[in-house]
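Below, subunit A partners subunit B and then partners subunit C, in two separate complexes.
The block that comes next holds the complex of A and B.
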């Protein structure tokens, strides 16, 4: 089975052999750090590689991602017409014109059912799934239910060979929940601002949780309106 | 066989040989024979400067002067022809095939089922080009009695895609051109991949888009019909070695097009010199940019074209799907959270 990449040179170089389909990736980051841009890069790469990409829009209407992709010259209308780019609207509860809409954001069961239904219709395809941001869907849910949802969902996604990217906004969920949840992901990308004398610097930590510790390498990155995320791989510092 | 008949037969054979090799000659374009005729007619005029004077600027008079001049040089070169102006300002030219010096050439084309090309009419459009500096084209039909009915009409289509050499300068469509082997092209790509891998696909798309804009702005004015214009441009791409580009589907009312490219040059380079990207993916961004530019200008709206299948990842051909863009310039919000 071929390996997947993000389409971000510095990040892909750090991963060396890429990630397997069926892997789960958590992207955790500060507000405004570029998590959605990261999601866009992941989708762009998937579309170029022939994958079917499913984007769950929780924080903004799906059109925001359409416009974002098109600003990078991605022909979303062509991919949507071919059924290779699918949007699930988890933002607008009513009045959405999308084909797939989550009508009640408070019930994880309903979300999970819709996600499974959509994935089922693309069985046999190589699929990338992005939930942006999953933490928004989990804010009103109690800890036990969140953990149960994660275990069940991620198990199903792994079994189905879905390459998943779940996005979490830093500070929204309880740190203990995030630590436990972190064990369930094959790869964690932490995006944060670090203070600098002159201006904030964007940092990316690439790693995974081992024995409740986040083991990662640290890199500086920037966001270009033309190229997207640029990770300075050679400036990585092991932690 | 008289000497003159033998020589005429040889001339027709030379024309036939040239006509049949047009498709095999790189960069010959569709108008190679016309370019050749241009030289022949010009040389004939230069050789007989004082014998052929064009007093009128009317196309029909220019053609009569020239044909009569030829008949004076060589009796019955183009005998008993009829030439007149039609209501729509075209020139109608009729001649019995047996009265035309090039009948042997013409008969051979028919025998080999090749598209008709009339050297006599080619000469007529050439003399108009020389005297009036205007492009003409022609069509011809031969009826069952063996009479050729020709139509010479003003042409807006460029006849200059042929590669020419002027001194040490190579020109394509009248512009300076460069011809280099795929090794040089591959080396440029590999250098970009080495020094700025993040920029590679953007560079290719943008290079295609900018060069496509230059071409389409020049070509659009020459065609009223979008499809005709696209087919001309795709022929030019094919002729230039990008691959066999063809328009599979076009609906201008919804601004949708599907384009195929067989044996893309880009794919051949990648197969031979190494993959451009870590993962197996579509790679023909240069063509994607070219098509995006062509369609955006021709359909007068922002079009975005995607390569949806590529020979580099196992497709039988590269396929591109173009649709209107939803994104309006200026709506970009920059980095998102």
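The block that comes next holds the complex of A and C.
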């Protein structure tokens, strides 16, 4: 079975075996750290290796991701026409011109139903799904419902072989919910600013790789307007 | 008109059309005339068994049975093959419609409340998470 990669050299080097399709990745990070940039890289890599990519835009309209991908020289119209790149608008509650829109953000069952419908129409394809950021959709929902949603959804995604990247903004959800949720993911990536007050540094840490050995040291990374995320080799920062 | 006569009259009309499905909206309109619970149970039982004999699939619509008193409710639920409760509840200061499959005799079903919407396509139900 083929393995997937992030398209981020330093990170892919840390995950020598890559990730399997059907895995769920949680990216947890501070606001402004570069989570959407990582999502863009993940999608770009997916398009490059023949995957069908579905992007759920919760924090910005899908147009923002289109522009973002174009800034990395990925022309989205051709992929969209081919059905290789699909946007789900979970940002605009009304007035969206997108084909797939979540019109009511209060009910996770409606999100789940739409996501399943879209995934069903690409059954048999190798699919990457990115929800950016899932935590936004969960802010108005009870804890019990969030956990039920995660359990049901992730089980379905795993069974369907969907490579999923769910993005969570640090501090938005209750820490207990995040801890329980974390158990359900195969891979957790943590992105944070260093505690240095004068020169904030971006750091990336692999928080968990299920059933695999991994190095959990923090890696400094920067965001290049041309190359995207550049992860530096492990220098023992923050240990 | 007597309740029993009404039941027979309704059935004859449905038979004259060769109908297979019958909707009574609402059954409570004529059963509400009966105050005595025992008599109500008997009449309701008669109605259902008469319709069963005619092999109709019948949808009996009625007001929220929870409002009608527990004893009336239980008798009606036990007589029919399935009970679907339609609810309207407040969630986060917005009113939402919900559907509960309260009973479905001999059929495995997902219990609990499911989100229900009425849109341009008709009625849409979103099964609750968890299965």
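Convention: the second predicted complex is superposed on the first by the 224 of 239 C-alpha atoms of A that agree within 3 Å, B and C clash if a C-alpha of one lies under 4 Å from a C-alpha of the other, contacts with A are read in each partner's own complex, and residues count from 1 in each chain.
To be clear about the criterion, contacts are C-beta pairs under 8 Å (C-beta built on N, C-alpha and C of every residue); 3 or more make two chains touch, one makes a residue touch a chain.
This is a predicted model, so every value here is computed, not measured.
**Q** For A:59, decide between first (touching subunit B), second (touching subunit C), both and neither.
**A** A:59: touches subunit B, not subunit C.
**Q** According to the stated criteria, A:201 is in contact with first (subunit B), second (subunit C), both, or neither; which is it?
**A** After superposing on A, A:201 lies clear of both subunit B and subunit C.
**Q** I want to verify the contact counts: of subunit B and subunit C, which reaches more residues of subunit A?
**A** Answer, by number of touched residues of subunit A: B.
**Q** Have a look at where A:106 lands relative to subunit B and subunit C in the superposition and call it first, second, both or neither.
**A** After superposing on A, A:106 lies in contact with subunit C but is clear of subunit B.
**Q** Once the shared chain is lined up, is A:35 touching subunit B (first), subunit C (second), both, or neither of them?
**A** Once the two structures are laid over each other on A, A:35 reaches subunit B alone.
**Q** If you stack the two complexes on chain A, which partner ends up touching A:145: first (subunit B), second (subunit C), both, or neither?
**A** second
**Q** Considering only the defined contacts, which subunit B positions touch subunit A in the complex?
**A** Touch residues, subunit B against subunit A: 197-199, 202, 205, 277-282, 292, 304-306, 308, 313, 321-327, 331-332, 334-337.
**Q** Going by the contact rule at the top, pick out the subunit C residues touching subunit A in the complex.
**A** 91-92, 94, 96, 114-115, 126-131
**Q** For subunit A, which residues count as touching subunit B in their complex?
**A** That would be residues 2-5, 8-9, 12, 18, 29, 31-37, 40, 45, 47-50, 59-60, 63-64, 66-68, 70-71, 73-79, 81-82, 84, 169, 223, 225-228, 230 of subunit A.
**Q** Could you list, by residue number, the parts of subunit A that touch subunit C in their complex?
**A** Contact set of subunit A toward subunit C: 106-110, 112-113, 140, 145, 148-149, 151-153.
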